[in-house]
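Each of the next two complexes has subunit A plus one other chain: subunit B in the first, subunit C in the second.
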Partner chain A sequence: MWIYFTRRLFLALAIVAVAVTLLYVMIHAVPGDPASIMLGPRATPELKAELRAKMGLDEPLPIQILGFFGDLLRGDLGTDVFTGREVGQIVFEKVPFTVTLIATSIGWAALIGIPLGCYSAIRRNTIVDKVTGVLSVSTIAIPSFVMAIYALLIFAVWLKVLPAIGAGAGGLLDTLTHLILPAFAVGVSWVGYLARVVRASMLEVLGENHVRMARAFGLPEKRIVFRYALPIAVLPTITLMGVGVAYLLSGAVFAEVVFARPGIGALIVDAVDSRNYPVVMGCVVVTTTLFVAATTLADLINALLDPRAREG
Partner chain B sequence: MANARPTSGGPATGSAGAEPPLLSVRNLSLDFGSPKGRVHALRDVSLEVPKGRIVGIVGESGCGKSTLASAIIRLLAANAEVVGGSVEFEGQDLMALSERKMRDLRGRRMSMIFQDPMTALNPVRTIEAQMLDIQYREPADEQEKRRRAIAMLDTVGIPDPANRLKAYPHQFSGGMRQRICIAMALLVEPALVLADEPTTALDATLEVQIVNLLKRLQAEMGCSVMFVSHHLGTVAELCDDVVVMYAGEVVESGPVRDIFRNPGHPYTQALLACDPGRIKQKTRELPTIPGEVPNLVSVPHGCIFKSRCREVHDRCEAEVPGVHPVSNERHRAKCHLREPGKAATRAEAKA
Partner chain C sequence: MRTSDTTAAEESRAEADTVRGAGALLQTWRLLRRDQLGMLGLVLVVIMVGSAIFADLIVPYDPTQIMVGPRMAPPSWDHLLGTDHLGRDTLSRVIAGGQVAFLVALASLGAALSFGLLLGLTAGFGPQWLDNGFLLLFDGVRAFPVIIFGLATVTLLGPSLWTVIFVVAVTSIPIYARIVRTQTQAMKNNEFIVAERAMGAGTPRILGVHVLPNVIGPLLILASMDVPLVITTEAGLSFLGMGVRPPTPSWGTILNDGYSYIRNSPWPVIAGGIPIVITTLGFTFLGEALRDIFDPKLRKDL
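Moving on to the complex of A and B:
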């Protein structure tokens, strides 16, 4: 188990390094010079060259990348060209909002979707199963920004029961009430998606030989479902949720823009708009790390649940 | 309760005697729903499993032998339907029992060994968890249940059982897994073990080991075994009685010695002739039974084996043969040729 754990951790670090290198090269291959943008069109070539030298942009690309990683290891993500603030500070101000939103969205989707899928599989072809099926497909088909706008319209504008925008001024209750609508909008299609996946995989597992054997020993159906079938049936769901976090990192952009919530999504949109490369790069590093962390976590949970995965 | 469980005075040895059989299947018929129509997979199947004996069910693939085992423990596919007959086990008709009462019998009075040991055990639970789970009805504490599990694993020949108990199924080989399955089936001390081709997925050396193990344990524990197999040699080695099935019907049944020495049904005779172990002359081609198993959606009239029978005659075409004694009263075959007096007539006709 520990061997698997350390191996997986090193693999995760390697993935982050490769991904960040690629993204660094890609961003710097895009036409447009940060020095020119920063100093404006009237700057003299000498001034630009001086700034470039200060930012380390006159060095060859491999040296720049090595320097970038060197800074990264010291916890330095560079400096915002416009405000002169530390990029690390700017990004980490926003990270908790996005992480909270994604975790809440996936969390409530899993809490409802997995039991719903499980129930649908056990009570196959009943009314509950059929209604769940239709609703699931509908919620999957509706884009999350449409869901966000309607949720806003109904609960904030018409019913006026929930705040429309922002992330609240602090305080647990305030934070929670500001989280409900965005988390609903982002997570609702995941309820349907997870319910469908769990139902399909549960039906498959319930048809497997070992379930038949458990039945041949007269084990109570409840024990068969919860101890024999469900732990196997949720395995693909956990992997899916790990990848889902990556999907939501981009999906959350909509929610953050619609609900005017601070967050990484909104930050990236602003930074790309204004070609604020150091901030873009900082966001990229953080989201890549979050993504790799989520998929690694999913793999580790899988390994905890499935002894066969530990040895793979 | 009117049907109290028959008191068993230790394992019955040999003769069935006057004691009622542990399991008696009477005229069982079963259909599978399919897009092409109803498949009449079992038709009028009758057999008995006496107390403390091993009864072998043999036949080709698809003859209904595994379906019969599933029907007895009532773990059938959703599209299966029992359309007639009864299965009497310890004085109750299993086909009429509620699901709840049936579940109470499973893993207590009867247990099952499955064909494929690679998929029969739960992959995410330890052997210990699974072996403790099946003892959930026992009043004993966990320590005692664990001790029993270890003792049983030791009995079936798992080395270092106390430590291996913590392992997962994928950490065992196929043969070891089947030993574990056998240990589980016997751990609950059932009256009847349904062994559904337990050696088919194993290689020949393991097959011999598993058969010897089953034979030894059955003798020690005195339970009855219904052993489903397509391997005649295994059945001859292990079983006391044999039931030969063909295309969903029982065509011959009786004590193992009688069936192998004096097969009464042309199908059994052909089957024995095809067994490579019994062929005495050197040959380049292995014998086969020509023809194919009939379509069970529209079952042909008359004898089910007529299209492949070497001794087919006019009566087989329209008339379903009766069940007639062959060597003795317990050895019976479903064939016109075995009708008392008729065999002689036919021999005369031939001459």
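Moving on to the complex of A and C:
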């Protein structure tokens, strides 16, 4: 158990290290250097040299990478060249907004998707099952940004029932009403994903020996489903949700832009627009770490709940 | 229980199918016709791909020509999907946008497949240390959320069609490479490979003649199911203004323009989103039907 935990954590650290190194190497493999990209075409050579020195770009590549890792370990993500503020501070003050959005989205999707999948599996091949199946595929097929724009159009522009802009000025109710549309847009395809996965794994579990045994003992169907089948059938959704954080992050980028919500997504889009290099780097490092942390956490929870997963 | 008669009959039919390639196609078509959602998918895909191929012939107006009609007009007989804020014909832009979407899909998936095959075969057939190194590299690349990686790349390369293709290709390579690697490793110690090696065949021959044909089938099905993902990424980046540059029409830029004027006219937004949904649905339905026919083992949900 502990061996698996340590190995998995070590692997996660290695993956983040490789990803950050790749990013760094990619930046340098590209023609034109960050300094001239940031300063635009009319910068003088002296200005460029000064900025390169300031960003540490004039040192050899391995030294730069090591230095970057050293800074990362000290929690230093660099300095925003435009405002002079620390990138770490800028990024981390946006993290709560994005995490709230992602958690709300996956939360409501799980509350609806898991029971829906469970019901479909029990009432297999009924109308409800077939409608759920087609609806699942359809919601998966609609990209989150199209969903976000359509939700904005219907509920904020036509019906004018929900606020479209920002994250609310404060107050729980205000925050919640501002969260409804973005969370709907980001989460809706997850209802479909989760329903499909739970349905499939539920069908598998319902055919297993211990369930047949419970049936043979004459246990009531409700008890079989909720006590013996469902706890096993939801296990695959944990891994799915861990991997899904990447898609949720991408979905959050669009939702934040469409609904003008503050968050990492809105931040990185702004930073790319203004070629604010250190901020882009900071956002990529933080989101990548978040994603790897989520998949690792999902794997660890899975291993904790399901002894079979520890062997792999 | 199968009787030996039916097995023999099946075998002879399988043989006949390999003799006549057309027979296998016909068989697939028969199976596909029974799948209603699969047929729906095929129809949608044919419509979308067809309109992209013949875009230049069927567009009613020049998609980049401004003021072919009034600004922000609702649908009418002259402009079936209305016009945008510059008075461009939205239907023409939607049709031309399909061309961009499928061009990106074809180029990026083609590149991802070739590199994925190459790296996967190397990792699967090469020495252990190389395999481990590649795996770590693949996982490192996959650790970036696609859109975030795309945005970072745009900062470096600037927004363009080629940047989008590059982003999709780079993020898809590890996925295909991993699948090829696993399949190659599973096949490496098969008897027919060992026999081939004993007869003195070199690694290129084994990989090219024996391993490649066995891994390419499932890979192509997976790639065709990834088409929606690619189209979504292209439209998404273009929507953020980080993909295809104006005035080139793309479903994403149509959505972006429409979003800016959403309070004036809903039509550009509606027209820009629907083709993405139709294409995605079409490829998903068709892909799932084909997968069930060719290789039920690939099913993730059963």
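Here is the rule we use: the second predicted complex is superposed on the first by the 287 of 312 C-alpha atoms of A that agree within 3 Å, B and C clash if a C-alpha of one lies under 4 Å from a C-alpha of the other, contacts with A are read in each partner's own complex, and residues count from 1 in each chain.
By our rule, a contact is a pair of C-beta atoms (placed from the backbone, for glycine too) under 8 Å apart; a residue touches a chain by one contact, two chains touch by 3 or more.
Just so it is clear, the structure is predicted and the values come from calculations on it, not from any experiment.
After superposition on subunit A, the partners subunit B and subunit C are accommodated together without colliding.
Look at A:Glu208: by the touch rule set out above, it reaches subunit B but stays clear of subunit C. More residues of subunit A lie in touch with C than with the remaining chain of the pair subunit B and subunit C. Contact with subunit C, but none with subunit B, is seen for A:Phe254 once the two complexes are overlaid on the shared chain. Taking the C-alpha centre of subunit A as the vertex, the lines to the centres of subunit B and subunit C open to an angle of 80 degrees, rounded to the nearest 10. In the superposition on chain A, contact of A:Cys118 is made with neither subunit B nor subunit C. Contacts of A:Arg227 after superposition: subunit B is touched, whereas subunit C is not reached. Of the two partner chains, subunit C is the only one that A:Arg199 touches; subunit B does not reach it.
Of the two partner chains placed by superposition, only subunit C is touched by A:Leu152; subunit B is not. Taking every C-alpha of subunit B against every C-alpha of subunit C after the fit on chain A, the minimum distance is 8 Å. Note for the complex: subunit A touches subunit B at residues 208-210, 212-220, 223, 227-228, 231-232, 305-308. Of all the residues in subunit B, the ones that touch subunit A in their complex are 73, 75, 103-108, 111-112, 114, 116, 119-125, 129, 133-134, 136, 168, 170, 181, 184, 188.
Taken in their complex, subunit C has these residues touching subunit A: 37, 136-137, 139-141, 143-149, 151-157, 228, 232, 235-236, 239-242, 255, 258-259, 262-263, 266, 269-270, 273, 276-277, 280-281, 284-285, 288, 300-302. Here subunit A touches subunit C in the complex through residues 11, 14-16, 18-19, 21-23, 26-27, 30, 34, 37, 134, 137-138, 140-143, 145-146, 149-150, 152-153, 157-158, 196-197, 199-200, 203-204, 245-247, 249-250, 253-254, 257-258, 268-269, 271-273, 275, 277, 280-281, 283-284, 287-288, 291-292, going by the rule given at the top.
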